[in-house]
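Okay, got some structures for you below.
In what comes next, chain A is part of two complexes: it sits with chain B in the first one and with chain C in the second one.
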Partner chain A sequence: MTLVRDALLVAGKDLRIESRSRVALQQILPFGAIVVVLFAFALDADRALLSRAAPGLFWAAVLLAALLAVGRSFAVEEANRARDGLRLSGLDGGSVFLGKTAAIAVELFLLEVVLGILVVVLYDVALHDAMVLFCAALAATIGLAATGTVYGVLAGGLRARETLIPLLVLPAVTPVMLGGTRAFQAALDDAPGDAWPWVQLLTAFAVLAVAAGVLVFGPLLEEA
Partner chain B sequence: MLGRFPALAGADLDVDTGEIVLLSGPNGAGKTTLLRLCAGLLPLRAGHAEVLGVDLARDRKSARASLALVGHETFCYDDLTVAENLRFAARVSGHTDADADAALERVSLRRVADVTHSRLSHGQRRRLALAIALARRPRLLLLDEPHGGLDEHGRAILEDVVRAAPLQGCTVLLASHELDLARRLATREVQLVAGRVHAVPRVTSGAGAPA
Partner chain C sequence: MKRLFLGATVLALAATLFLALYVTPPRENQGGEAVRLLYLHVPCAWLAYLAFGVTAVASALWLLPRTRHASWDLLAGASAEVGVLFTALMLVVGSLWGRPTWGTWWEWDARLTSTAILFFLYLGYLALRRTGATADERGTRCAIAALIAAADMPVVHFSVSWWQTLHQEGTVFNDKLDVKVNGSMAVTLLLAVAAFTMLYGYLVLQRFQLAQLEEGREERALQRAIEERVRADEVAVV
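Right, the complex of A and B next:
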């Protein structure tokens, strides 16, 4: 229970910081929205292609915005060496990982809701099977947040972390891009049977990412 | 290590419970490195170090549970208020909001409890860092240039805290360039020069000595 209690403390702290600084609301969300709008401009001449590519474009926008969210989550730990405060606190690395992952996941989920609405409006997409969409988004978000948190702490102590995080995270979250896109595509095609295997892939990825994160985050926090 | 050179070499220091030890020495002598090493924030590359009975080479995390470090930075979050920073630090180290509130009173920051860290003056930030250390109720208090940025009132608070520490079974290791102020508090002084510890003959009366 201590692990969960400590994780909630860390997540609460991160979400409070974001709600007060409004970086997520005023920078990360608009960035994601701009990416969605730019795709719409780029492919507007071919509405059919835009609708067909909507799932991939949606997840590409989410991934790009997620990089900012991860970078932000660890930038607040570098200011005033707050990261050393976490280390001195004696918190278990696993609880810090779960807390930071949860906070990033909450931010990303809210971002996905807004970007999803934008995609429906701008890309002329009709939604089917909300349950598949929800499950796929949930699993993908957890996997994305967990992977980002692991690589975020790895790059956190480095001067080049802003450029390093995308280089590390984007290849690692390829399964999220692939599984999220395919699951959404199947859901939009009203073929939920085709979507569930991809939801299972996303769930397996999320479980592995969380398990690996709980194990490695502590040592990485110490050494990075 | 600083590049290829060891930051500390031949640093041999024993500190008894309840002592207030002043670490003096020129810039780059290794004072901050020694304090961060004792705090378990730096790995021990060679030699042996034990803090509060815990071998740092084996288990840095356990040693941290009973110590606090006031370093050059505050370890705080800019967008959290004084009270939020303090309560978070207390809770994650297994202490209570009451400990946090008591520490807030101790450093006289109640007036700015709802002000975010980013809006505090340098001196107020130093006092907040001290409060966070106190909220952890440490057995070992590591202070790195604690006088820096403090006004008269802040220095008086700091002196009260340091003088009271041995009465609560707390040992203090204090690195400072403000030698006149620090010597008034210390029961012993050691000098670090090029990573080596040298004992300094007692020239002033400290907290543990008769006035």
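Right, the complex of A and C next:
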């Protein structure tokens, strides 16, 4: 029980910082939006092509924005040596991990809603099977946030942190990119039966990432 | 001793080259002459598994408090470096073979894709290693990164069995342990694997010793700096 309470404490702290600093709202969200627009340029604004590639483009945009969210989440700990405060707070490593993951997941989920609307409008996509879309997005977001948090603390305190995090995170989250794209593709093609195996893959990845994170976050926080 | 080992390695590699180029037959359905590339491709794939496996084991030994020693960290790094080299070689050689056989340089099938991801995971690991000067500074985070990266290895290995893909199933280590090569090809393949394993051993030893020397140099430099500082303080006191 304390695990959940402490996690909520950490998540609340991170979300409060975001709601006050507005970096997520004023930088990460517009970044995701411009990526969505750039993809349209890359495909020559071909409506048929865009609507077919929409699931993949959507998740690519989310992944890129997620890198910023992860970087931001740990830049906050870097400033004023807040990390030392976190370490001395007596909170269990696992709960700090869950808290930071939850905060990033909430931010990403809001980002996905906005980017989703943008994709629907700009790429001319017709939505089906909201339930599949929701479940896939939820599992993918948790997997993404958990993996990002693990690598965020792994690279924490290093000088090359900003460039290292993308290199470490992107190969590790390829299952999310693949599963999210396939699940969304199936849902948009109105074939939810084909989507569920991918939702299962996303869920399995999320569970593994969270379990690994709870296990290794404490030692890594001590180390950095 | 190391010289002797290097000599034996070079000899084994030369014998492999001779067998692969002059003794083994070309195969019609395997790209004709291009089939000889497999004597390079298969040992590279084996070395990728071996090298990343050694990295994973050494990292785990570093993480366990009872076996923690700076040597495990250095060994993990040395093995990963050699592993990345041979993974890259495997991808390039496989691509060269795929062009005449499959008609394409690259195919997005499960094994190729998961191998490419493995390559990038370990590139990230090597980049992470360069950020800390000593084993104590980087040890734990690198060891954990190596263990996470190792999770992709079973995916690569079983990808050809899990998903029916363009890449053929394991020639030697498949489900039924049914070896699908014979005659001079089998001998050559076996020799190639042995020769490349020796090469791996030599390269890792070399990188390991170099890393040890580098660590020693850092420590000596630090020691010297401390001594100079102490001496300067003594002069100031006098």
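Everything that follows uses one rule, which is that the second predicted complex is superposed on the first by the 222 of 224 C-alpha atoms of A that agree within 3 Å, B and C clash if a C-alpha of one lies under 4 Å from a C-alpha of the other, contacts with A are read in each partner's own complex, and residues count from 1 in each chain.
The rule we apply is simple: a residue touches a chain if its C-beta (ideal position, glycine included) is under 8 Å from a C-beta of that chain, and two chains touch if they have at least 3 such contacts.
Remember, predicted model here, so these are calculated numbers, not experimental data.
Participant: Quick one: classify A:155 as touching chain B (first), chain C (second), both or neither.
Facilitator: In the superposed model, A:155 contacts chain C only, not chain B.
Participant: Is A:207 contacted by the first partner chain B, the second partner chain C, both or neither?
Facilitator: A:207 sits against neither chain B nor chain C.
Participant: Let me test your reading of the model: by the given contact rule, A:16 touches which partner, first (chain B), second (chain C), both or neither?
Facilitator: Touch status of A:16: first partner only.
Participant: One more residue to check, A:172. First (chain B), second (chain C), both or neither?
Facilitator: second
Participant: Which partner does A:164 reach: the first (chain B), the second (chain C), both, or neither?
Facilitator: The second partner, chain C, only.
Participant: With both complexes superposed on chain A, which partner does A:91 reach: first (chain B), second (chain C), both or neither?
Facilitator: Touch partner of A:91: chain B, not chain C.
Participant: Quick check on the output: what are the common chain A residues between the chain B footprint and the chain C footprint?
Facilitator: In chain A, residues 223 are touched by chain B and also by chain C.
Participant: If you look only at chain C, which of its residues touch chain A in the complex?
Facilitator: Residues 117, 120-121, 123-124, 127-128, 131-132, 140-141, 144-145, 148 of chain C touch chain A in their complex.
Participant: Taking the touch rule as given, give the residues of chain A at its contact with chain B in the complex, in rising order.
Facilitator: Result: residues 6, 9-10, 13, 16-17, 20-21, 76, 79-82, 84-91, 222-223 of chain A touch chain B.
Participant: Using the touch definition up top, name the residues of chain B that touch chain A in the complex.
Facilitator: Residues of chain B touching chain A: 39-41, 43, 60-61, 64-65, 67-69, 71, 73-80, 84, 88-89, 91-94, 116-117, 132.
Participant: Looking at the complex, which residues from chain A come into contact with chain C?
Facilitator: 150, 154-155, 158-160, 164, 167-168, 170-172, 174, 212, 216, 219-220, 223-224
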